[in-house]
Amino acid sequence: MTIHRTAIVDSKAQICEGVSIGAFSIVHENVIIGSDTRIDSHCEIGYPTKLAEGMPLIIGKNSLIRSHSIFYQGSTFGENLVTGHRVTVREKTHAGINLRIGTLVNIQGDCELGDCVRAHSNVNISKLSRIGNFVWLFPYVELTNDRHPPSQQLVGVIVEDYAVVCAMTVVLSGVHIGQGSVVGAHSLVNRDVPADTVVVGSPARKLCMAAEIISKDGYQVPAYPWIRHFHRGFPTEKVKEWLKQFPVLQKAKDSSRSDK
Amino acid sequence: MTIHRTAIVDSKAQICEGVSIGAFSIVHENVIIGSDTRIDSHCEIGYPTKLAEGMPLIIGKNSLIRSHSIFYQGSTFGENLVTGHRVTVREKTHAGINLRIGTLVNIQGDCELGDCVRAHSNVNISKLSRIGNFVWLFPYVELTNDRHPPSQQLVGVIVEDYAVVCAMTVVLSGVHIGQGSVVGAHSLVNRDVPADTVVVGSPARKLCMAAEIISKDGYQVPAYPWIRHFHRGFPTEKVKEWLKQFPVLQKAKDSSRSDK
Amino acid sequence: MTIHRTAIVDSKAQICEGVSIGAFSIVHENVIIGSDTRIDSHCEIGYPTKLAEGMPLIIGKNSLIRSHSIFYQGSTFGENLVTGHRVTVREKTHAGINLRIGTLVNIQGDCELGDCVRAHSNVNISKLSRIGNFVWLFPYVELTNDRHPPSQQLVGVIVEDYAVVCAMTVVLSGVHIGQGSVVGAHSLVNRDVPADTVVVGSPARKLCMAAEIISKDGYQVPAYPWIRHFHRGFPTEKVKEWLKQFPVLQKAKDSSRSDK
């Protein structure tokens, strides 16, 4: 356990073996930090709020919380959490293992996230969002929760497993994004998106099925489902499972193709 | 008065009774902090700038400034200011009472805000914006100020009382958004919006009158004006005034309605 | 050299004459800070990463890094860098002189920026972006790098000299934005933009040539190329060069014009 001399750690915080806490960081009471987790400088861990109703903040083992991040009491994270800088996560959010969120991500509380979710920088996840496993959210994605802002009847968004929401897209309150679907960049999603479908535009409408998109990277194989070819950072067992699930694709041999 | 032992507070700052200042925060000279205000950790209050022309930063009583926030010299805030984390407010901005701004809000200076304004997280308010009373700005709203970027002739946006601007909307320089109007999410507002009107799209065009939107929350009453049914966090006297202003609406009793 | 008593500065960091380092800031080893540079409070300078492959962070002389900013090892900046608050710059990014980036700008690493680039607040520059000289990026501009997110074949955006990208615009991976072009606010750029052209919309399409836009500021001169009339903050020699390059435009004398 390595606590920087300038860090302020409450004596009632439960800090496991191998944890390090950086300079100018604050760890409040009612916090449980799993073993071998690293917390960088200038963080505030376990920010007190009555809305947490006394529940602790639990951060799983082998996690990395980068500098200037803020986590409230009352949320829980499985092992191998990795964050960028200046993330904010409020109370009563529960996430599975292997969550990775980029710099400036804001999770507003009362959210559920599955395993292996990925959010790039600047994603804003409103209260009551429900996010499945292996979901990707790209920069400036905004998941909303109010059908008639401002109102008292918040309704979160649901994003199913393996779905991809591209940059600067707004998903309106109550929308259900189906498994394996892809939402193009700069879209406004105002109705449900069926599974394995690509939608784009403002408002977003169906472009094609996800499997119809051919990769421009030279191999000319389908770009989706992405789990066939993208494995970086995911648990080894999960990747093995995926590789069994899909037949090996033959690379196209068309030498006339113009893209490299 | 509770000043954390690690906080750095200039002896010339004027700090009233009941104020608390958190760990690793800095309070510069030329700052007046009203009574019973709480300033969290890692803040910088009264950031010096020549542009403030020697004017002080004044923060009203009973305010709460959450951690990692930065306020410049030369701006003034009425009582009951509440901020999220990491807000930035530059010089010569003047706001009324009961301003609430979310995490990562950026107010660039030389702005005027009325009473009881609400800005959710990640709102960017450019220099010279003029915002009335009881205005709502949702995440990633961008109020611009330059008709031919980059130019030297900045012209701010005007947003009138009770207007609502939804998520990820850009309002172009010089646009006037009328009282009680509603701008839909993911819109580009390139012309004035008349009072009590709903506009949506990129560019935003009229959809209907605000009063024509019926709430999907099961009561089937008009969703606007929102002041009829949303009162959380506003001063009690103001809410009483509103309740007198509007006749009580009968809830619809149509049992065949499909939305809950 | 003025290092605040609370700052933590590694003894192996190379800090030139006249540098000041603010309260609660951290300077790691493998950092070179040029003379007369000011680093504000709560910063982290030289954040270690294996991806920097041992290369130092070099910050040119006469720079100003505002509070709560984070710079990784392995990037280099010419003289007169000025940042807003809470910027993040990752490893292996190389920028010329006179870069100015606003509050909350995020540069993700492996980027090239020319001289005198301007990025307003909240700009997100993805890995592998290539940005020329005198480019302007306005708030919430997102330069992407993945044609089939998520994939392993990242392709950055290219923005040529003097181009202007307005607020809340997404530029898709691999797009080439030509010299002197202007991209309107709230656009999605999904194909190359020719030089000196204005494009707008989602997806962005040609509106006119840049030189056809007449300024609304009362002078009725062409608004572009902007370098004819906007010089603030640029090196004096450069401005002199520009002024020689363009004939002096006569101000229009049409008294019937309706805009002020």
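The letters A, B and C name the chains in turn, as written, and every chain counts its residues from 1.
Heads up, the rule we're going with is that a contact is a pair of C-beta atoms (placed from the backbone, for glycine too) under 8 Å apart; a residue touches a chain by one contact, two chains touch by 3 or more.
Keep in mind it's a predicted model, so treat the numbers as computed, not measured.
Visitor: Quick check: superposing subunit A onto subunit C on C-alpha atoms, how many degrees is the rotation, to the nearest 5?
Guide: A turn of 120 degrees brings the C-alpha atoms of subunit A onto subunit C.
Visitor: Since subunit A and subunit B are copies that touch, is their contact same (over half of the numbers shared) or different (under half)?
Guide: Different: when the shared numbers are divided by all numbers used, the fraction is under half.
Visitor: I'd like to verify one number: the distance from the centre of subunit A to the centre of subunit B, where each centre is the average of its C-alpha atoms, in whole angstrom.
Guide: Inter-chain centre distance comes to 28 Å.
Visitor: Which parts of subunit B, given as residue numbers and ranges, touch two or more other chains?
Guide: Within subunit B, residues 6, 24, 42, 68, 86, 104, 122, 140, 168, 202 contact more than one other chain.
Visitor: State the interface residues of subunit A toward subunit B in the complex, per the touch definition above.
Guide: 6, 8, 24, 26, 42, 44, 47, 68, 70, 86, 88, 104, 106, 108, 122, 124, 126, 140, 142, 144, 147-153, 168, 170, 172, 187-188, 202
Visitor: Which part of subunit C faces subunit B closely enough to touch in the complex?
Guide: The contact residues of subunit C facing subunit B are 6, 23-24, 40-42, 67-68, 84-86, 103-104, 118, 121-122, 136, 138-140, 164, 166-168, 185-186, 201-202, 213, 215-218, 223-224, 226, 229-230, 232.
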